[in-house]
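After this come two complexes, each holding chain A, first together with chain B and then together with chain C.
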Partner chain A sequence: MSVLSMIYWTAAIILLLLMFMLMYPALSQDISVFESILNNFPLELRQALGLTTLNLSQILGYYGFVFIYVLLIGSIYAIKSAMAVLSEEPRSKTADFLLAKPVSRTTVVTAKVLSVLTQLAVQNIIFIGVSYIIMLVYGRGQFNVATLVLVNFSLIQVQLFFFAVGIFIAAVMKKIKTVLPIALGVVFAFYIIQMINQSINDPKLAYITPFAYFDVGKIIQNESYDMIFLGINFSIIAILTALTYLLYQRKDMPSI
Partner chain B sequence: MIFLIYMGMLKYTGFAGAGESVTDLFDQIPAGVKSILGIGELDVTTIAGYYAVFYLYFMLLAGAHAIMLGAIIISKEERDKTGDFLFSRPVSRSRIITSKLIAALLNIIVFNLTTLFASLVFINIYHKGPAITDIIIQLMVSLFILQLIFMVVGTGIASVTKNIKRATSISAGILLTTFLISAAIDLYDKIAFLKFITPFQYFPAGETITTGGYSPSYLIISFLLIITFVIITYRFTEKRDIYI
Partner chain C sequence: MNVIEINQLSKYYGKARGIIDVSFDVQEGEIFGFIGPNGAGKSTTIRVLLALIYPSSGSARIFGQDCIKDGPEIRNYIGYLPAEVYYYDHMRVIDLLRYSASFYRKADKNRIYRLAEIMDLDLNRKIDDLSYGNKKKVGIIQGLIHQPRLIILDEPTSGLDPLIQQEFFNLIREENQNGATVLFSSHVLSEVQKLCSRVAIIKEGRIIGVEDIKALHNNNYKKFKIQLAETVSSDYFNIEGVADLTVDENNHTFLFKGDINQMIAKIHDHRISNLIVEEPALEEIFMHYYEREA
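The block that comes next holds the complex of A and B.
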């Protein structure tokens, strides 16, 4: 079941990428005209519109634009599977079965966590491979492979953030009846913060949302990650995962 | 749900804080660029236009809330295994569905009114100038239509699917797909014929503000969609095999 859902979500991400990429040849004509006009305007103005960093007439710039939606879907998948796997017992009333086995709760959490991580890893490997092929077809070699790899690797890092948030929510909440509404709410909230951060360019907002930690436009521009944000992301993941282990140890499990 | 509304509030404060400076910046944009950016018909320098930019995200949140609510309220009995309790009562299934639909309707009305009042309060605090209450109310009416559509789509899906766990997944899939199609239409206007598939494009904020009304053809489409999915909900739940 969870393998199937992994395949569906991966397919969805790839279809999305393909759909937007199919539009690229037609779009790139219009965009280059638009960009030449835009470049005549002052920098502050372009900043306010969030258009400084993404160069849409370059295939990689356009890829970066599409990649934001890839991140959105990938994040929903990550938080959903993380939350589902750890909240499964109270939901399907199998806690007394699983937790009575002679393994510690730490082992249980580790096994659950690893199963989700494996799925995320497989999904990323498939996505990175396919996106490279798609870019080869549409980019005609006019892009920097190292930057593409860098952009693609931000997917797993954002996913890990939401994965950590997911297991944490599952550990805190007594019983999650339906996973998806919470998953959608959390991811959309962070996504909207990022969209607003982009349009009003408030540096404080950027610290709240992982979508800003890996701002695709900046990654393409600098050809590297922002080390501070990388550190913040890593710390949040580590803290939330540690808290999850602690909380799950002492969690009261309803078995009926 | 409370979380969603809370996020709505948070969004406003962010918007309000920086509102002034952004308005100044937008003042400098020549009209030509605006039209290329697709905000041509929207005057972003006015508070109404600026509000409209945020309206897209309200639609996303409200749509997510409505479709999830719809899907869950119907499939709830099977998920919680209370189907044998509820459906053995001496009331017909259609009555049960009616009360469930009314409950969901009340929920989205509350959601809508909360957004409305939050918008009005925050705009009044940060905006000094002529009130734009009527525009906000108009936008909220179109938001309400969007919520209604997504809600009945949710209930429709939940009553048709055999496996209740599928109901929320399919609903989320539909929501995301329509949202992405809408984003693609904004980007590339040659596929505008797809507009009727995605409720996000039925009543675009820019159009509502400039023309001050709703497009009649999309009103009809919305109405038909809502009716169809309500009928689907009733028909399929009536004949549904309830697993306990």
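The block that comes next holds the complex of A and C.
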């Protein structure tokens, strides 16, 4: 079941990328017209959409612009899967089956966590491979492969952030009836924070959203990650995961 | 030896009462009844034993080990049938049972077929398509595949038709004769009466008594139903030892414990048109019990 879901979501991400890249050859010929239209937008809006830091006339800049939406979809998938897998027992009322077996709660969490991580890993391998091929076709060698790799590897890191948030929410909440609305809400909340962060340029806001930790425009500009943000992201993932284990260990499974 | 030792176990859900100071022991090899009205705390107690919920205070030991700390280890030897049965809907019965068996070191998968035959369950159907009673059968089988040393049954018979119920009781007796200890929770007294040797009675979260079923029966309560041919005052039979006296015209019904001759003498003084003296059902003894405790 969840494998099928992984395939659908990966296909969605790749289709999105492909559709945008198909437009690139046409777009790049009239890039000056396109940019002048964009320049008529208010500055704050352009900042919010990340258009001020991305150079659309370069294929990598354009890729970065599309990649923001890849990140969004990937994040929704990550948090949704994480929440679903850990809230499965209270939701499907099978706690009295699974947790009455001779397995510890820790083992259960580990198995669940690993299953989602495996799917995320497979998804990323597929995406990185396919996106490289697409870039080879449309970029004709006019981009820095190392930078592309850096950009692409931010997907799994942002996904891990939302994965950790997802299992934490599932461990805290007594019972989650439907996963997707919460997943969408959380991801868009963090994305809106990033949009505000980009448009008002408040450095403090950047610390609370993974979309700022892995700001695609800056990664392409600097050709590197921001090490502080990298560390913060890793710490948040580690802390939330540890808390999830602790909370799930002592969680009362709701009776039916 | 005690298989289950429950020691002043309490569980609150926030401020709501779950169970309060529950203590009782279940000895090895017995079929122990756990009885009380719905919502009294039977399932709460059982779910603490399986570490599905955590006690607010107190402790419980199974096979001498702590049911929370050593839970994963001791659950190897426990078979549990929950009060409400829910399984993964998309699975077939046989897949679910194989999955269930895969958790245990000592699971003989051939037992699945034997148990399914006894319980008359089609293994190839999807869980989703099963009736409530059939899901219950799946629950019973998944609880017995690994020949557990302790079988915990929470309201096992609801949804089973009488014929299957009988098969089920035979199965439990057989497991018991092969050495399994059984904790049997129910709100139906007659089935506990049929199966159990001892019983704990729970009411509003507290244990109000642990009784020997035989002792309860030997309590010498007799149930009298007397139809008199003449009218007497409504408290004519209300002598020492009479309980639950109801009078409907000339029909007098009550429980009596004491010297039977005394009662015969009272009856002898009047003309009667009908007389029935019988063993009271445990239910009636319990009702009496509950009222006394309340």
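Simple rule for what comes next: the second predicted complex is superposed on the first by the 234 of 256 C-alpha atoms of A that agree within 3 Å, B and C clash if a C-alpha of one lies under 4 Å from a C-alpha of the other, contacts with A are read in each partner's own complex, and residues count from 1 in each chain.
The working rule: a contact is a pair of C-beta atoms (placed from the backbone, for glycine too) under 8 Å apart; a residue touches a chain by one contact, two chains touch by 3 or more.
These numbers come from a predicted model, not from an experiment.
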Thinking of the overlay built on chain A, is A:P181 touched by chain B (first), by chain C (second), by both, or by neither?
-> first
Specify the partner with more touching residues on chain A, choosing between chain B and chain C.
-> B
Just chain B (first), just chain C (second), both, or neither: which does A:A242 touch?
-> neither
So, A:A111: does it touch chain B (first), chain C (second), both, or neither?
-> neither
Check whether A:V149 is in contact with chain B, with chain C, with both or with neither, and answer first, second, both or neither.
-> neither
Looking at the overlay, what does A:A11 touch: chain B (first), chain C (second), both, or neither?
-> neither
After lining up the shared chain so the two structures overlap, which partner does A:D96 touch, if you call chain B first and chain C second: first, second, both or neither?
-> second
Looking at the overlay, what does A:L205 touch: chain B (first), chain C (second), both, or neither?
-> first
So, A:M253: does it touch chain B (first), chain C (second), both, or neither?
-> second
Just which bits of chain A does chain B share with chain C as contact spots?
-> none
Contact footprint of chain A on chain B as seen in their complex = 3-4, 7, 10-11, 14-15, 17-18, 22, 25-26, 28-30, 32-33, 36-37, 53-54, 57, 60-61, 64-65, 68, 72, 79-80, 168-169, 171-173, 175-176, 180, 183-184, 187-188, 190-191
Chain A partner contacts - residues on chain C that touch it in the complex = 13, 43-44, 47, 50-54, 71-76, 78, 80, 82-84, 86-90, 100, 103-104, 142
Which positions of chain A touch chain B when the two form their complex?
-> 5, 12, 16, 19-20, 23, 26-27, 34, 37-38, 41-42, 44-45, 48-49, 69, 72-73, 76, 177-181, 184-186, 188-189, 192-193, 195-196, 199-202, 205
List of chain A residues in touch with chain C within their complex = 1, 92-97, 99-104, 107, 250, 252-253, 255-256
